[in-house]
Structure formats: structure tokens, C-alpha cells
Amino acid sequence: MGTILEVKNLTKKYGGLTAVNDFSFEIKRGEFIGLIGPNGAGKTTVFNLISGFEKPNSGSIRFDGMNITGLRPYKIVNKGIARTFQLVRSFKFLTLLQNVSVACQSKRGREASKSAGIDAHASSILAAVGLVDKARIPPVVLPHGDLRKLQIGKALGTNPELLLLDEPFSGLTHEEQQTLTDLILKLHDDGLTIFMTGHVLRELMNLVPRVIAMHQGKFIVDGPPKEVANNKIVLEAYLGGGEAFA
Amino acid sequence: MEKNAKRIIAIVVVAAIIVGGGLTAYFLLLAPEAGQYVWSANDAPGAPAGISSSQIIKIGCAGDTGEIQGDANYEGAWFAAKTINQAGGVVVNGTTYYVGVTREDTDESNTQLVTSRGIAAAERLVYNKKVQFGVGGFRSEALLAYQEVFMDNKIIFIDTGAATDIFCDNVANFYERYQYFFRWMPINSTSLGGEILTTLAGYVMALNTTYPNHDVKQVGILAEDLTWTGSLIAAIQSYLSLFTNFWVQLLTPILYDISLDAADMNTHLQTLASQGCDFLIPVISAQGGILMMQQYDQYHYPFQIFGIDVQSQLDTFWGDSGDACAYETVMQTLHRTNKTTKSIAFWDAFRAQFGHDPLYIAIGAYDAVNGIIDAINATQSFDALDIIPEFESWTKSNPNPGVSGGGAWWPGTHDLVEGYPYGYTLWCQWRDDGTKVVVPAPRWAYVGALGYAIPISDLYPATLATGAYEVAPWVNTAWS
Amino acid sequence: MIEDIMNMLFNGILNGAVLALISLGYSLVYGVGGIMNMAHGAYFMLTGYLLLWGMRIFPGMLFLTVIFVIIIITIIGGLTYILLIKPLQDTHVGVVLITFGLAFLIEQWILIVSGTTSASINDYVLFPGTTEFLGYSMFNQYIFFIIASLVIVSLFALFISKSKLGKSIRAVSQDREAAVLMGINANRVLLYTVMISAFLAAIAASLYLPGAALTGPGMGWTYLTSSFAVIILGGMGSLVGSVVGGYIMGFVTSFTSIFLPNGPSWAHVVPLIVILIVLIIRPRGLFGKKKLR
């Protein structure tokens, strides 16, 4: 298992505020890994830096051995990194099938759908995320949980090797969380490398074998959930940690 | 681009703006003679090089640079200056002076008129260039606003292109303020309306004899919805109401918004055609003319066009309209004919200079500049209060003929006297080979004492005509 | 009466066909990039003047000239995006100002280059003469233009809904960042969009202006403001809205001209009143999905 993502000394400043401070970590191919930290710790900024929506002030990001630091977002997608947003983003006036097929038209998406054809491939992705029966309707009428699935479906349309999920569970009902968890686990079993954030530790702890914790833009600890949960700084960061473990 | 590079560029741009603005402010406001225009031999065509600013009679042209009307005003004034300067200028109290002309863009031909641009142009002429006389004006709405700058500063302004009656009414009603205003071109809207209608009536009478199977009767008006057309149309309507029981019948005038496009023009011409129009009187000073003639040429509408179309006064209109203006008859101040003894020589010299015919405004500006110099010469003074009485003395009994006509003004109003041999227009018709001829101008008019209309003397002598009036072949077919 | 009604219908459609083509591109660019391209009317006007010069310089090659001019305008559209809009696209005011400046530049340049400011380009009239229908005669070139406009609008609709680029355009217009996540190069899509809009304006000009004459380099503004009104009426960024809005404006204009007292003076005011009323009732415009940005 080689390294798929290597982040070194990543720093991002907004004026006087350092959102990400000298942050380094590695992800191996096929891993399923979580990024935790309280609100405002810099998790989303890390995702923005990896996916190209923001440029770091210093540091490097290597994906599959290639330097992707500062590349434009669509180019990073075409290298094989897909992401979802914390807030649901979709093309409101296209049908679900069209939503996913837009993604299938990307460079990697086209290669993946070469044998089946774009529409067929897009429906197979919808089937995989459990939305195939709603293929012909636009997302404006869907419940929140389905929109999350659609986001993942669209990300899958670009045929990624690494999937970044930003707070996938926020705002979902317990039942919706359950089906989404099943979906994510299945994707991981199929060999996809997944990197996800969450600010409620419990969700992640039950799911991932490895966790990276950050606080105020800084790396704190990297290891199995149990170990991370017992780290002093992590406990301090989550003032009244009881909430996080509840 | 990196953020720093952007910042540097931003700083450079801001610095450049500050430095540029500072320098501009310095030269406009603070430097000695700040913003003063320096008159030199360059402004006085035909004058010897090296003459000083104090030897130049400073005339400012107000018009829309880049549009035919404003350019014509400048051409006329410039050409007059050149002619006078080449002849040695004018001697006042022993010193030789030369005529200098300068212009500022009033933007008054713009369909989206902004009168403040005209005012700004007039202010540049008066305050920055320190002109002694102003000539110009075309769109009445604009001139109404910017003439005030000249009146405020008691500078004589000669109108060379705006026809609305109001200007000279102002002179009559508020003489103290508006005595500096004179109109040398064209005759006022009401008189234009009268000349159009009486001549049109003359043709209608004649054509009804030629075409016994058709009543040539319905007259339509297609006019710009502007100030200058208002009194003109009112004049036509009042004359026509007298003809109603006789022959001529007026259709509802169409006054269009001047930002019209081809579809609007199509709508209007179709409306006229469906109402059985026989004669269309255009009252158009701007781009409506080319739209009208292009569609007239394509549709072959069964009516004759006879009226005012300023664009069509230029010989270049034939080519510009794509050979589409055949059989259009338009009012024109001058053509190559002996209107006065100076007319043909001027016409040929102007064409040799500019390569095209003079527009009425060019002729007005030419006569205006010559008139100014005549008055300076006669009074040996540059003072407006000396020159105004001299202008006012050029009445019907003591005219000062120019190239356009007899040169007489009504004393109380400073308005051009209408009627042969003073202020009158020629009627010119396009032939289908692209030539233009002066056609005769037979007239009928309502005579109050008789209670009906009778033929009256022609608008101008038949000797001025260079061709006969023609009916378009498709109209001929429709009327036969 | 029947002639008046025919007159209203024909000129309403004619006016609508022009406005629809011009507004479609304008609206497309707004919808996709949130960009107000104030030079859009200048493309239309410039097409006319390039045709005029082409007609005078290469009188024997009218067809080639048209093709060539349409290509030039499309390229100018592309350059407008690359050189002026893209560097400023984060600031909407900046884009408005710079494209406004470009439009003035083109206008003034034509004033300087062109000896005369209004001219006919009727050498490009493909179908001279008139056809009579129900006693109403219609200029064949206008009939052709109306049909061509309908065909182009339909092809455009097909292109937007079916083609790959069309889907990308719709994706970017609905959520630019999400579209980028789908591997779409949003800047390139925007470049194509501006080029398509310039292309549509050039097509409209080269088919309509031969029957309509060039009334001066300022005429671009008239069409820009009309199409601006149209897309506000139809809903900012809505393509259906700009076509429907164009025809509504056209019909209201011709109806006013023919049936209302002093109509010709009011022909360009009444449509604005109609728009005001529509906006009071429905602030997003007829087919508007988005709020004004």
C-alpha cells in the first residue's frame, strides 16, 4: 500500500489569523481516515487547500506522487480527488441523472463510463448510492439525506481515487445517518480511499480505524480512535469533552 | 497572477491616477493661464504662420462632432475663415486680423440626448477658449439649454441649424437678454411648414390633372417627436385645415420616438400605406431618413415622399442609403444653382475642398462667419453692442446677401426673413441614376379674402430649377 | 382593421425576433457567470460596420464577408472574456465598467474610422422584394429573418439541453463551485458562453441589419438597453424568459405604435411601463429563478 496523499508543512493565513499552521500528514491508498477538531479548528480549510479552492501560503500537497499544490480545482478533480461540501451543493434544475452525468463527463468520468456509456454509468452510480428510483426528478424536491447521497454520487461520477467528505452527517436524522454510514463503508470496502471530517467525535470513532486531530490549525495527534480520544490536548480542546463522547 | 503582483499593479495604477489627476488639476486650476486655450495660426486656416493670438477673431463652433450636422457647422465656418484669411483677413483700426475657428462637441445629434454635454461644450468655448462669437446649433432641445451660456456672457451666437420658433420669440419677448441671438439658418419651423404645404398643394393640384383615375389627396406626416417638428406640424395642420373642403386631406401625423429601429419604421410606413397615403411629408433631421428610404425602396410604397430629410441633403446619401433614395424630394437650402450670384462659385469651391455637398448647416455657418466679418469691417469694432445694431440694419431694405439667399433679418426677432429672395429653400429630387435636381416649386395657397385656395407665385423662379418633378414608376402604376 | 392587426403581428414578431436573439446571449452570460457584458450591444453594432466595410472593400464576396465577420465577432467576444472580464470577474462592478469602456471604445473607434456614421448595407439583402398575405405586404428579408431567428433559437435550445457543453453551461450557471467539483473548467465554459453570445449577436446583426440600415455607432446602446429590459422582464439569466420577454416587448411596441393615440411617441415607453408592472407583481421577472445578484 503506497502513499496516496502527502501533505507537508501546510500553512494558510488570512491576514493575521493562521487557519492552518505547519500541518503535515500522510494517507495510504485504501485507507479510511477521519479528521477531527472542534468548530473552527481548520478542517474545512484543509479540505479547501487539498481540493484547490484555496491556495496555501506555504507547504506542499502531493497526490499519487504528483505535486498538486495550488492547482485549480477542476484540474485536481481530473487527477482523481473528489470532495463534497458541508453545505449541500447540487444543480437544482437538472434531474438527478443529469446531475451525475455532468460529473461523468469529466476527464476521469469519461474513461470510467467508456464501456457502458455516460447515461448507463450515471444510473449505475445512482443505483450504488440508492437513488436510482428518483433518477428523473430534480434535487429541489429531495430530503436532506438524499441530497447528501446525491453529493457523493456526483463525486463518484468523477471516478475519484480519493474522496474527501466534509461533515457528511451534519443535519441528518439518525436513520439517514445509518444509511449513509452503510454507503460510505461499502465504498471503502470497494477500495476507495476516504478522508472525512466531523466535529462530533463519536460518529467518527465508530467508523474509522485512524484519526487525525487538529486544533487551532495545528496538528495534535494521529492514531487509532481510542488513543486519540485519550489525548490530553484533544480533551482540552473539546472543553467538557463529555459532550463529544456523549 | 499572484496576489503580490496584483497589489503592485494596483499600487502602480493608483499612483498613476493620483499623479495624472494632480498634473491635470495643476494645469487646469493652478498653473498660470491654467486651462487657457492658446489660439494660434493653426486655428486660422489660410492665415500667415506666426500670427499672434491677439490678431485672431475667435469664433467657436458648437455642434456634434462626428455627426454630419456638427461636422457641417465646422466645415462651413472653417471654409469661410479660410476664404477670408486667404483674401488678406480684415483690417480693423489699422491692424490686420484673421479669422480663427474652433469647435467643441455638444453631442446634440445623439438619440439619447443629454443637454448637459451641450452646456459643457459651450462653457469650454466661452471660458476656456474665450471665443468672441458662437455659431452652431442643431437639436433645439440642446441649443435651448446651451445658448444660455452665450447669453450669460453677452456673446453673439448665430444659430445655423435649429428651426424652432421659440429662439426668436425669446429675442422679441426678452430682448435685453436674448439680443445676442440671431438665426441665419434655417427659416423657422412655422415658415418651413408653410413652404412645404403650399408647394405640396401646388404639386397635388398638378398631379390630379395628370392622373384623372386617381384622387391624389391623402397626405401623411412622418416626423421626429421633437421640439422643432411641433410648430412645423402645427403650421401644416392649420394650413391644411383650410384645404380640407378642397382637395388635400391630412392623415393622423405620426410622431415617432427618435430611437426607432427598422421594425418601428416598418410599422409606421405600413400604417400610412394602409390608410391610402398619396404624399408623405417626412419631417426628419436624423437617422430615421435612411430607414425610411431603405424600406420605401424595398416595398415600393404607392406614395411620393416630399418634405424634410436632412441626411438626404448630402450627395453622399445616395451611396450611404445603398442607392435607395430615388424619387425622394427634400427641402434643401442650396444646390448648384444661381440662388445668389455667389452660390455656384461657393458650391464648387466647397465641393473641391471637402469632396461632398454642403449641408444646410454648413451654408448657414459659412454665411454667418462672413456676416460677422462684414459687420466687424463696417463698424471697425469687436464689441457685441456695436455689431448687433449693424446686424439689425440688414433688413429687407438693406440686405446683406450671402450664398444661401438675400440676407435679411426681421429687426425685432433676429429671425431670417422667409420668402423669395431672402430666406427660402429649394426643392431637390433624387433621380434613379443617383443625381439630384432642383425641381420647380409651384404653389397654391388659401387666400382669406376669397375663401378658397388659388395658385400663387412660385416659391422661387423656374429658372433655378434644373429638372422636372418625377413620379416614381411604381406610384405611376398605382395612380394610372 | 385586418391590415392593422397584420401590421401589429408582423412587426411585433420582427421586433421580438431581433430582441430574442440579442437577449438570449446577454442573458446566457449573465446566468452562467453573473456577468453583465455591457459590450454586448457593441458586438451587434460592430457586426454591421464590419459588414459595411466588407461590402465596400470586397463587393464580390458578400457571403464570405458575412462568415468572416461572424467569426471575427465571435473571437472578439472570446478576447473580451480573456483580456477584460476574467481578470476582473470577482468584482461585478469592475466587469460592468470595463465592458462599458470597451463598448465606448468600439463606438468611438468607428466614429473615427468611418467617414460617415449612418449607412445602408442592403447589398446583403438575400431576399429582396415583398410577399403579400391577407392584403398585407411583407419584406422577404424580414420574413427570412424571422424564420431564421426561430430556427436559431430552437437549435440553441437543443444545444443547451442535449450537448455536453450545454450541460456544462447549465451546471456552471446553477452552481459554479459544484460544477468545478465535477471536473468542469468553469472559466473555459464562461469563455465559450461569451463567445456564443457574441456569435448570436453577430448572426442577428448580419441577417437583420441588411434590411434595417446602420443608424450610427451609437445604435449598439439602443439594442443593449432593450435587451437589458427584456432580460429583466423575462427573469435575469432565464433563457426561456429572454425569448418570451423579447416577443412581449416586440408586440407591446407594435401594438402601442398602431393602436394607442400618439402611439409612435410612446412606442418605447409603454413596454417599460409593462415591465414595471410585471416587476411589481413578480420581482424576479416572468421566468426568473434566481434573485438579482
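As written, the chain order gives the labels A, B and C, with residue 1 at the start of each chain.
The criterion applied here is as follows: a contact is a pair of C-beta atoms (placed from the backbone, for glycine too) under 8 Å apart; a residue touches a chain by one contact, two chains touch by 3 or more.
Computed from a predicted structure; not experimentally measured.
By number of C-beta pairs in contact, chains B-C lead all other pairings. Using the mean of the Cα atoms as each chain's centre, the chain most removed from chain C is A.
Of all chains shown, C has the CA centroid lying nearest to the centroid of every protein CA atom. The geometric centre of chain B is 35 Å away from that of chain C, both derived from CA atoms. A straight line joining the Cα centres of chain A and chain B is 74 Å long.
Centroids of chain A and chain C (each the mean of its C-alpha atoms) stand 43 Å apart. Chain contacts: chain C has no residue touching two or more partner chains.
Counting partner chains per residue, chain B shows two or more touched chains at no residue at all. Interface residues of chain B facing chain C in the complex, by the touch rule stated above, are 1, 66-68, 110-112, 225, 254-257, 259-264, 266-268, 270-271, 274, 287, 290-291, 294-295, 297-300, 311, 316, 319-322, 324.
Residues of chain A that touch chain C in their complex: 51, 53, 72-74, 77-78, 82-83, 85, 89-94, 98, 101-103, 105-109, 154-155, 157-158. The residues of chain C lying in touch with chain A in their complex are 164, 167-168, 170-171, 174-175, 177-186, 289. Interface of chain C with chain B (complex): residues 3-4, 7-8, 10-11, 14-15, 18, 87, 111-112, 116-123, 125, 128-130, 136-137, 139, 141-142, 208, 211-213, 215-216, 218-219, 221-223, 250, 253-254, 257-258, 262, 264-269.
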